[in-house]
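Here is the structure we will look at.
Chain naming follows the written order as A, B, C, D, E and F, and within any one chain the residues start at number 1.
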Amino acid sequence: MKLITAIIKPHQLDEVKEALEAFGVAGMTISEASGYGRQRGHSEVYRGAEYTVDFVPKVRLEVLVDDVDASDVIEVILKAAQTGRIGDGKIWAVPVDDVVRVRTGERGADAL
Amino acid sequence: MSATTFTAADAPFVDTGNTAWVLAAAALVLFMTPGLALFYGGMVRTKSVLNMMMMSFIAMGTVGTVWVLWGYSETFGPDAGGGLVGNPFTHFGLSGVLDQIYGYVPANAATGTAASGGIPGAAFVAFQVVFAIIAVALVSGAIADRAKFTTWTVFTVVWATLVYFPAAHWVFAFSGYAAETGGWIANKAQGLLFGGAGAYDFAGGTAIHINAGAAGLALALVLGKRIGFKKDPMRPHNLTLVMIGAGILWFGWFGFNAGSALGAGTQAAGVWVNTLGATCTAMLGWLVVEKFRDGHATSLGAASGVVAGLVAITPACATVSPIGALIVGLAAGVGCAYAVGLKFRFGFDDSLDVVGVHLVGGLIGTILIGFLATKGSPTGTAGLAVNEGLFYGGGASQLWAQLEGALSVMVFSFVVTYLIGLVLHKTMGFRVSAEDETQGVDLAQHAETAYDLMPLGGRIGASAHTTPSATKATETTGANA
Amino acid sequence: MSATTFTAADAPFVDTGNTAWVLAAAALVLFMTPGLALFYGGMVRTKSVLNMMMMSFIAMGTVGTVWVLWGYSETFGPDAGGGLVGNPFTHFGLSGVLDQIYGYVPANAATGTAASGGIPGAAFVAFQVVFAIIAVALVSGAIADRAKFTTWTVFTVVWATLVYFPAAHWVFAFSGYAAETGGWIANKAQGLLFGGAGAYDFAGGTAIHINAGAAGLALALVLGKRIGFKKDPMRPHNLTLVMIGAGILWFGWFGFNAGSALGAGTQAAGVWVNTLGATCTAMLGWLVVEKFRDGHATSLGAASGVVAGLVAITPACATVSPIGALIVGLAAGVGCAYAVGLKFRFGFDDSLDVVGVHLVGGLIGTILIGFLATKGSPTGTAGLAVNEGLFYGGGASQLWAQLEGALSVMVFSFVVTYLIGLVLHKTMGFRVSAEDETQGVDLAQHAETAYDLMPLGGRIGASAHTTPSATKATETTGANA
Amino acid sequence: MSATTFTAADAPFVDTGNTAWVLAAAALVLFMTPGLALFYGGMVRTKSVLNMMMMSFIAMGTVGTVWVLWGYSETFGPDAGGGLVGNPFTHFGLSGVLDQIYGYVPANAATGTAASGGIPGAAFVAFQVVFAIIAVALVSGAIADRAKFTTWTVFTVVWATLVYFPAAHWVFAFSGYAAETGGWIANKAQGLLFGGAGAYDFAGGTAIHINAGAAGLALALVLGKRIGFKKDPMRPHNLTLVMIGAGILWFGWFGFNAGSALGAGTQAAGVWVNTLGATCTAMLGWLVVEKFRDGHATSLGAASGVVAGLVAITPACATVSPIGALIVGLAAGVGCAYAVGLKFRFGFDDSLDVVGVHLVGGLIGTILIGFLATKGSPTGTAGLAVNEGLFYGGGASQLWAQLEGALSVMVFSFVVTYLIGLVLHKTMGFRVSAEDETQGVDLAQHAETAYDLMPLGGRIGASAHTTPSATKATETTGANA
Amino acid sequence: MKLITAIIKPHQLDEVKEALEAFGVAGMTISEASGYGRQRGHSEVYRGAEYTVDFVPKVRLEVLVDDVDASDVIEVILKAAQTGRIGDGKIWAVPVDDVVRVRTGERGADAL
Amino acid sequence: MKLITAIIKPHQLDEVKEALEAFGVAGMTISEASGYGRQRGHSEVYRGAEYTVDFVPKVRLEVLVDDVDASDVIEVILKAAQTGRIGDGKIWAVPVDDVVRVRTGERGADAL
């Protein structure tokens, strides 16, 4: 099994979610993150003092998938998340030893 | 115990009790605009709360300044003809106002009534300016999340001058109070449309609420819908702010309505009670609609009901009985709870329901006077004349007068505001870019974010350049969408 | 400068200064309930802040409405017998009240004192309704996080009618002010229990605070403890709200206490000063206890001390000296700082310490009058009679009267409230399901969440269906625990 | 309508209208300090908001208590010599004050003017104590994020006693109002420095704002810069709080300024209007500076401009015309917008700009009187004498008097405060440890965190020990940096 | 070494933490997350407009463990987190190359 | 490729970020986390009731790096994050199958 992690722009989340659902992925977990990279942050000014916020808000998405689906799922996310502008994010895959569904104790592919 | 000599030929004098109440009331109404800023600010998304609040604050700044310069004079200066507008130059800079006394009633030997004191001219100036401010601020709710701040700033000045001051002159400038001749709605309306009596609008159902509501609709049409309207979740980002705002509005509204008596007597006290009663039933009405329609009574509903009730009782508070006030409130609560859905049906993005609450609420209150006006009202029990309404056997004449007042302000406001909005939109641009809107007007227009609540303070990964920037701040947000 | 004729046979007239102050004070007290909503709302967890605030807001809606209908009459209408309750029908819908003048004192040729003006009946109605509202709202603090909103709404009406209006009649209905005969505690208490004088309760230590405190205890027992009481961390979710709330309460309380003079003279001014002094020492007292007991003086302690001081000085503000006020405050600050621990010792979940602050604080203030009443008080310096307390050589008679007043309201309130609560609990159900409680009453009862502060606005992954739902909202939260 | 007998030999009497306004104004000013707590609290980082608010709240507790004990007497008791300080023992515990009437003007048979009523001594006590409270609270802005709470608490008492009460005596104790002889600035200043007239300071530009500003600078120097000053981002954690705070301050300031007329007449009303006008142009001025200098008009700028305008108009509100008020406001808005940058240039960490806003704003307002004082002002139009300023042909004498008043308070305050601060710093320690500062003063000094907004309430992973701790709370934060 | 990640219901965190402590795990890291799966979100209504919140609040728990402990730790979490109702969450294990304790620079099992 | 994850003290973030930049790392993703370990939490007292907060605020940092850079990057983070006091945190490395840059679809080292 694989864990696909994607760092995406928050506004693309809805599209990614829908694309994954359409593909047949049944579940996912997201969290808030802040990214640093080519895309620059922004400046704020308070009483004449300027602050630069270097990090940009991102969404971190995790999907566990069967080995066979891994590259397809990456492709699905890639398409849905792409805007073509700097800061679109990254996707990566990590090998997973085992997955368990807490409710039932099922393991492996059954747990997805 | 107060004691003084009395001579029949006494010069006009100030009644300290009336003045105390009017000054306190003016402060209360001033407080309503920050309250409105919170009420509105809590309803938008996190990314635009500051801009929302700023639209109210800047209205305080511009309208207050303009009022001192020409606004007071344009509203309450001697009528420039036809009851349509006051002369803006007579009292420019408030010249010749501070040493005046308004509302003094001389003794009447025939009836044996004593003289009663007036209020200083400046107290009247104070009380009226805060009305002008909030009328302008109210409009901003229709264009949440997407307005250019500079254009809005210009709009506040233009709209106050071309729409509010004239409308306030029509409704609030009673002949013989501040100037000899005043506005056409306040004084016998000469039957322009339907003939008959002058309209009752005690504290501004027409000049403030119908006016702001119609203007809000016009601006919402000029600016167009927010990106994601009807599709994206745009739920209130902070309902505790909405509740604080509603609380402040309610509090301040006693100044608004009871202060409009311009004195502290029987009428003011009765108005106070009516203002409370209507607000209570409006809240209940809105919540009952929600409970039955949606399954839950919400806090946003309670706050909205409060405001709807206050809006509706504003014109009516002096001419209906306490029971009448309960009815006005209930009608407004139920009516507005449904009216806020209109924008989805007709597809105009009046973001924070200026139409659904202020226009509709103002209409309900203004028109119900035609049915519910009675001598058992604060005005009647204070010994003043009341032209009774349809339900009290007074016939339909007052109802026609009410319709005339309400509709004329509504049409005037909508048309002129639409034109002002359009001109500004074509020249300065009234709407931010799609990218700025998506990213949030706070950052785009004010270079600020409202909250930074991370446990250790200071957004992680931010750095400061505390030397005041000599050059324009450059936003480096290139592709941050 | 005010000036008028005076004839010995002058008709009752309104004093604009007194009226101005009472109207302002009524607005101030009205503002206290939204303030209380914030104070309470900040203390609960994020998941129930809206419900907490709604319990206060709905009390405004229902009690305000009921007051106009029968509440005023039940409280201040002619006594229906024994000083126990007013006739609810006499002034139903406030009929016959708006044109009245209360508190007018005719000239006295013998002493040479001039007539002094009264206040309009409606001003008195206004001032008293806001007391009724906040008394009801106070009770809600005892049942935070777990009450069914509909049942609470019904409770507000029933409790106001069966408990508050009678108790307020006992304490606030002075014979000859609004009606000829009033309540038994306000007027010579006929020595029901200990014999002797009538109890002093200037602004409602008994009728409001002891009453609400005892009622809170009763409801806390009926509803039972919150899930996780004593085990889970239930710390305040937003202390800035608590501080805003405390600030608003303090501000409004000057209307509460100094407004209870029903005029703007020496008594009112002295009461103002005493109200401040007691609040200051109560805050200091609470913080010193914390500093020595827990190691830190907290902001929740400061806010709580403020409220404890205000509660305790409420009954006493007119009959103690400024130094006496400092003592009352200090006693309340220290006493209540310890009293809020009672619920852990005895295991009742009075969630926001209505007992520890309002019942205990109210008792402290009411009873200390028996020791500290003095002619050097606002009442005394205004030239009115004061029955001095034990420390001023006045003997124990006033102390017995105070105990009688305090205990009778406490017992009456606890017993009747417990019965009301029980009946509602058995019929409608007064408590939400365990699942709703765990998930949060805001979502379960109001289908709302208070905050959505994510940087980009709109909770990630939410979608909107902006067509107003014709059908009941279905919560799809099945297994969300 | 008010009516009474009048005899030429009438005893001093209370005017209920004036009293109503002074009591309401006192409540308004009291409300300003919680408002200030929010204004300041919103500007600091999340980790120190409670401490920031507590510095204001505790000032209410200590100063209010001390005022009743000796503060009033030290300020308004009979002058102890040279106009420098009142006798603190004469009215200790407010003895002999509650039954007084101040400001009564007897009838004048010669001019034919009637007697005009005064206000109760306690009303004056009430109005003045809230000034003392906020003056102390203002200072705290200079030492945000790093002060030891206990030391600050002690400081409030010492500073009030050694700095504020004397300065207030100088400026506010008019001979013959409360005591026979008062302070040296209020009464003809005997030309100590430049000779000439007494300085005008209607509502406390010198005694409050210059005083607090200079004291803030002194304390900022004593405590030193925050860790990370000029380097770390220390942006406001909650701008909605700042905006609420600014709104409350604005609201309350009408009590501050218009209440300083100690009555409700022409002067008070004119002051009200001037207070509004100056605030409006100050907001506009600040925002225009920002727009041109930084590229964006910010909400923090709007809030700051509001306060700067209010500060500057405070001394001037009674002696300038409405147009003059617009000018004072504009000067303050622009001036302070630049002045807040001084701390970065000179490297003192006046964290929340007490110097840039209150000292500089106070100086601007106080000095501009020398140019703009006119008979067309509230004081002049009320028929009282005004020594006109340079621009109105009055010569420079008033300007010198203004400079004398402003500078003497500034120097006195800075020097004495610096010494007080230093002594406290050397003895008790005025600054928390670096570790506590990094971790946050809220946790270190108050064992609290302001917000816990996690969706399900209760910080994840916290557990409760609800038995009130008998032992001191031990912080287990060992290495938590 | 393994990294065990668990997505659990927030209310189970205390139990899981205690169970892990009892088992002898010395440290862990948690963060807030939002989950999507069989468990449905909820609806909110504002002025008659209905919003559906699809994601459900979850806690994300990470524990680094020795290879030998991995399956036991999974078991411990499983038991403590289970309520038997939909939405109980997932647990998965990922192989870890190396672990360092920042304070000391210790590596591998010593770093846990 | 490797995914380096570091749990560090929030106040060290700036230093770590600068050190990584200096080393030549072009991007990273951070998120808020709460840690449990040797470092103890703190107590808060409300109306006499004491609460113990067991978890301590941490920052979670993720950096994708080439295999060859992995140990150097760990070293860089280690140095910048170290204060020598309890609670400095952990760093670990996990093997990554694949990385994709969303904007361009680039894979592997090019995607970093």
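Observations, loosely collected:
The rule we apply is simple: a residue touches a chain if its C-beta (ideal position, glycine included) is under 8 Å from a C-beta of that chain, and two chains touch if they have at least 3 such contacts.
What you see is a predicted model, and the numbers here were worked out from it, not measured in a lab.
Fewest steps needed to get from chain C to chain F, stepping only to touching chains, is 1. Of all residue numbers used where chain C meets chain D, under half belong to both copies. The two sides are thus made of different residues. Taking the mean of the C-alpha atoms as each chain's centre, chain A and chain E sit 18 Å apart.
Spacing of chain D relative to chain F, judged by their CA centroids, is 47 angstrom. As a whole-number value, the distance joining the C-alpha centres of chain A and chain C reads 53 Å. Centroid to centroid, with C-alpha atoms defining each point, chain B and chain C lie 31 Å apart.
Within chain D, contacts with two or more other chains are made by residues 1-6, 14-18, 20-21, 24, 114, 116, 233, 235-236, 238, 244, 248, 264-265, 293-296, 298, 300, 341, 344, 447-449, 451, 453-456, 459-464, 466-469, 473-474. Within chain E, contacts with two or more other chains are made by residues 11, 17, 30-32, 34, 36, 44-46, 48-51, 53-55, 83, 85-87, 94-95.
Those residues of chain E that touch chain C in the shared complex are 9, 11, 34, 36, 39-46, 48-56, 83, 85-87. Remark: chain E residues 1, 3, 17, 26-32, 64, 94-103, 105, 111 touch chain F in the complex. Those residues of chain B that touch chain A in the shared complex are 438, 443, 447-449, 459-469, 473-481.
Interface residues of chain E facing chain A in the complex, by the touch rule stated above, are 2, 6-8, 31-38, 54-55, 58, 60, 70, 74, 77-78, 81-95.
Residues 1-6, 10, 13-18, 20-21, 24, 28, 45-48, 107, 112, 114-117, 229-240, 243-244, 246-248, 250-251, 254-255, 258, 263-266, 268-270, 272-273, 276-277, 279-281, 283-284, 287, 291, 293-300, 302-303, 305-306, 321-323, 325-326, 341, 344, 376-378, 381-382, 439-440, 449, 451, 453 of chain D are the ones that touch chain B when the two sit in their complex.
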